[in-house]
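Right after this note come the structures.
Consider the two complexes below, in which chain A is the common component and chain B and chain C are the respective partners.
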Partner chain A sequence: MALSKKTLIHMYETMNKIRLFEQKLQEFFAAGEIPGFVHLYLGEEAVATGACAALTDKDMITSTHRGHGHLLAKGGDLKLMMAEIFGRSTGYCKGKGGSMHIADMDLGILGANGIVGGGGPLACGAALAAKYKKTKEVALCFFGDGASNQGTTQEALNMASAWKLPLVFVNENNGYGISCPQCKSMAVTDIADRAAAYDMPGVVVDGNDVLAVNEAVTEAVKRARNGEGPSLIECKTYRWRGHFEGDACTYRCTEELEAWMAKDPIPRFEAKLIESKTLSRKDAEKIKADIAKAVDEAVAFAKESPMPETSALMDDVYA
Partner chain B sequence: MSEKTYLQALNEALRQEMERDGNILILGEDVGRFGGCFGVTQGLFDQFGEDRVKDTPITESVIVGAAAGAAVAGLRPVAELMFVDFIGVAMDQLFNQAAKMRFMFGGKAKVPMTLRMPQGAGIGAAAQHSQSLESWFMNIPGLKVVIPSTPYDAKGLLISAIRDDNPVVFLEHKLLYGVSGEVPDESYAIELGKADIKREGADVTIVATSQMVYAALQAAEKLKADGIEAEVVDPRCLQPLDSATILDSVKKTHALVVAHEAVKFGGPGAEIAALVAEEAVEYLDAPIKRVGAPFCPVPFSPPLEQYYIPNADNIVAAVKSIR
Partner chain C sequence: MSTVAILANPSSGKDIRRLVAHGSVFDNQEKVRMVRRLILGLERSGATRILYMPDGYGIVPRALNAISPSIPVEAVEMPIRNNQTDTSIAAGVMETLGAQCLVVLGGDGTSRAACKGSVAVPLLPLSTGTNNVFPLMGEATVAGLAAGLVATGRLPREDCCYRSCMFDILLDGEVVDLALVDAAVYDDVFLASRAIWQIDKVPQLFLTRCGASSIGLSAIGGQLRSIRPEEPRGLALRLGEGSPVTVTAVIAPGMFADVPVRSITEMAPGEIFCVDVSPGLIAVDGEREVEIPRGSRAAVRLNTQGPLVVDVERTMAAARENGLFVNRHNRKEPA
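And then the complex of A and B:
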């Protein structure tokens, strides 16, 4: 395990932060306090955490409609995110974007995205800018199994490989595009196989193993920084909740969900950390308690924050 | 000052801006050594090299999306689609991504990109290579829409488009590439959203865009023989639209004809007519008339295509019906 203790603990904190943040959203969405709809990342925490731990603050990511985990793992602020999702003027986007459009340019977060497959072309541009400016930064594109069937994603994979862009494609394969299982939407079992079509490495990892994700993404980031071009990493995972909160999940069975919940990425990682004496049980409890407190504070911040003034409506349509 | 074609004016704008700002990149199909489908980027590959004048795969979605992504990451890309008709396959990256990023992100992103696209009929290119789609773009908050008619305007507006911190859709007309006019050798910028009065007149306002500016000027000469002095207003930009210049002209002439090559139904003329109806109807002493393409795809065969494209006679007839 080449990772420093600090990095490992940070990863543990991040996974718990995503977990508690999403559980809190679940609670408040059910209570009718969150407008619109939310796509929760519960169960997939290891992917965002492992991937973003391989990046620097200046590296850039494009995210998806299920983006909270990516944003938090890239350093997104709990309060600003919570306030945005609650539609408040103090949120990341001043209440203009909501759950699916949170961005933070200072953290290299080029935005969650409401369009499945929307991020690939943008990530190509970010990687092109890094390559052109010789910054050694990389771009990382999160995309789902559904997005892997979009033309934009395939075109982005092609452009990235043709131009050897410093770009890492991280596929989060949670098995379903809303209700449609992977076996009905593509003939391949492993999305990583598609990398061969673009002459780039394609790797399958256990997306519920944060260290496996991190190891694969670290290798891909290294390649990208060295000018060797893009990689495709497929992380097999599962979303515990429906596509959106309120989805009755009639398309999948309880046994399947339970089997995946038994592979919960957080206790798995926690056990490893405790076994290797990187983390004590007491420290683990304290980390969780601190995060729970921070999440509660974020909720309080959001709820105390004002809604946007209608006078702000026309701001920022143009620069 | 020297005589240059519209194409040379665009080329000069790109060259001078790229010399000034190392963050400007050109992206598009065959824009490199080939010099662009119509030749607008000729010579730029030799001068600036392949890192700045980039031939892309045939991948319009990524051309547009990569321009947007590079723009938010600090570059100032100028993307080219060979024909505006190809925007269909890339529309999401333009209207859901580039156009909305700044607003959706609460003002925290800048998307300084220009998307150049030739449009218009007249070269026998048929239904998928001849459309005028400006009304699509002017209906999308977040985009600016520039539609130059003269070589002078083409250069100054392209320079402003490139310097603008918003996504700008820059619509060239392929029949205008060979049109010549006086163009200063030095760099100059024309403010986006300022109309230009191409001809002054007291009896009727003809608002015309792109290639239809020339048809309107021809129509004005014909009308002059009948004692009607037409004022030809070229908005030059449809978003932002210079409402004031249009309204001032109508208040002076008391009559309005709008001419564009886009399909008449739901075209820019509908917006301009509505603007005048809302803001200055009491100044009108005749109904507003619109001249635009019929509601059918652009046909191939020359006699059909010529019949399809609005012309000076159509504009004269529209004016005569109210004057």
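And then the complex of A and C:
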């Protein structure tokens, strides 16, 4: 892999940023300070980080209900995100969208999405626009294993292939659609198998290995940019928390969780960086401390920010 | 009792080569169909029991949904981790349980994983992809017949099998891994997606076999020399700029590389060839697997005691010579 030291360190920072951001949300949600729902990305940090590191600022992503990791990896602002999730008027959607609707068009973040399988058609639209305008931009659609069973996703895969769109489908297969294990909802174990039906490459990678994800997405982005059409990359991973905060997780066993936590993507990557002398232990600690400080500042910013005014209820409503 | 074991890997055929080259997406349902035909071949061969490695997809149970073989088909008890170690553990378990032939469905990597578990039991590797050298790209029904004929002893092993060479991969003098076809030194420190296709990062390449029609890394040596799998010799190549020879080789399905070859040295059994890179990686049978930590010394050694491989062509020819599938009815032999 020809990744620069700067890129490798950036990926390490991003993974830690997602981890600490989500842990902070977990803490404040439990304390009752966050309205609505949050779906945490803990354990899956390598997927968003590896995938987004293969993109430019102009490339676009569509995200999911479990979107914080995607948004941070694409460059989302910690303070604006935190404020939005806290429901404050300084947030990305002025505090009225919450966790599942954060978007930042300047960064190519076309939005998190509360609709399972909602991202595929949007990504097709973005990719079609890029192709039509010859911008060489690429769209990347994050979707889960549950979403892969939705008609919208299958239609998007078909359309992307039929129209040879510059689109990369990144499947985060964490084994469960809400509480339903994959084996109960799917006749296949590898979602990448479905790529063959759409005449596109389908590969499976270790979703807890940020470099494996990055290498695969980099190649898929290259294909897309060269006009060779879409690809499907299935990243096998696991969410440490329930489907949502408050989920009792009675559908899975502790042993399974522990086995996946032993494959924590962050220490794995950190060990590689230290072993290859890309990063020193001291630098690693400093990075984590700096991020923890930035996350605390984001929380303070959110808490100090006002709630939206009642008079603003109908502002920005288009339909 | 003649027992044949089936080790079908649900993970094979899905690596990054589908993206960087033009490898087929080999779905698990096709493996199910292959296993179905394999079982029918085994049944007809006279094998009396089939054992199989359990897997997360349930390849063999799904195969049994559509057929009802007259011989028992049983899963062995073992933990499933859904990774390569399943195949290695299963091969060892099958040897312990008295299997007389292992049929392995997968690619070079899966065959290698099986050999890490056992090289004592005859092995019939069946390819589930297009980028393989070690396993046979052949029809599973016929492979089932051949495996069964070896397992039952209806044909002597020496008429059906050959002993393949392999490489021992050494790290600071200790054997840490093996390779069946090729060992490529890779000038990087990250395993990442494991497959290799950037030949400019390969300064040294070792081959146990090669031929002009090879695919993958052995295709590089295959345009210069020919080595059959059972021959007790290997090739050590040094690659890189400044070479008078450039070889055009098919290094993956639909993917060519012009590879500068600086030198070729024949490897004798037991001879140790040092790896120049540290830190670095060694890709075994096309996949980055062995990490060479900074300061460690890696080496490659040709080992002639590799797996005993069932040669389907030879086996079926021996079956013909012995008339195993010909029923004579006291009529005149057909012209």
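General observations
Operating definition for what follows: the second predicted complex is superposed on the first by the 317 of 319 C-alpha atoms of A that agree within 3 Å, B and C clash if a C-alpha of one lies under 4 Å from a C-alpha of the other, contacts with A are read in each partner's own complex, and residues count from 1 in each chain.
Assume contacts are C-beta pairs under 8 Å (C-beta built on N, C-alpha and C of every residue); 3 or more make two chains touch, one makes a residue touch a chain.
This is a predicted model, so every value here is computed, not measured.
Steric overlap between chain B and chain C is absent once the structures are superposed on chain A; the two fit side by side.
Judged by the touch definition given at the top, the superposed model places A:Met82 against neither chain B nor chain C. In the overlay built on the shared chain, the residue A:Ala302 is in contact with neither chain B nor chain C. In the superposed model, B is the one of chain B and chain C that contacts more residues of chain A. Annotation: apex chain A, arms to chain B and chain C, angle 120° (C-alpha centres, rounded to a multiple of 10). Looking at the shared chain after the overlay, A:Pro201 reaches chain C, while chain B stays out of its contact range. Of the two partner chains placed by the overlay, neither chain B nor chain C lies in contact with A:Ala54.
In the superposed pair of complexes, A:Leu20 makes contact with neither chain B nor chain C. Of the two partner chains placed by superposition, only chain C is touched by A:Asp193; chain B is not. Applying the stated contact rule after C-alpha superposition, one finds that A:Ala162 touches chain B and leaves chain C untouched. Shortest separation of chain B and chain C in the overlay equals 24 Å (C-alpha atoms, whole Å).
Interface of chain C with chain A (complex): residues 10-11, 14-16, 18-20, 24-25, 27-29, 56-57, 188-194, 279, 293-294.
Per the touch definition, chain A reaches chain C in the complex via residues 1, 183, 188-190, 192-193, 195-196, 201-205, 209, 211-212, 214-216, 219-220, 223, 231, 233, 272, 275-277. Partner chain B is touched in their complex by these residues of chain A: 60, 62, 91-97, 101-105, 110-111, 113-115, 118, 120-130, 132-133, 139, 151-152, 155-156, 158-159, 162-163, 315-319.
Looking at the complex, you find that chain B touches chain A at residues 25, 51, 54, 56-57, 59, 61-62, 64-75, 77, 89, 92-93, 96-97, 100-112, 141-142, 144, 164-166.
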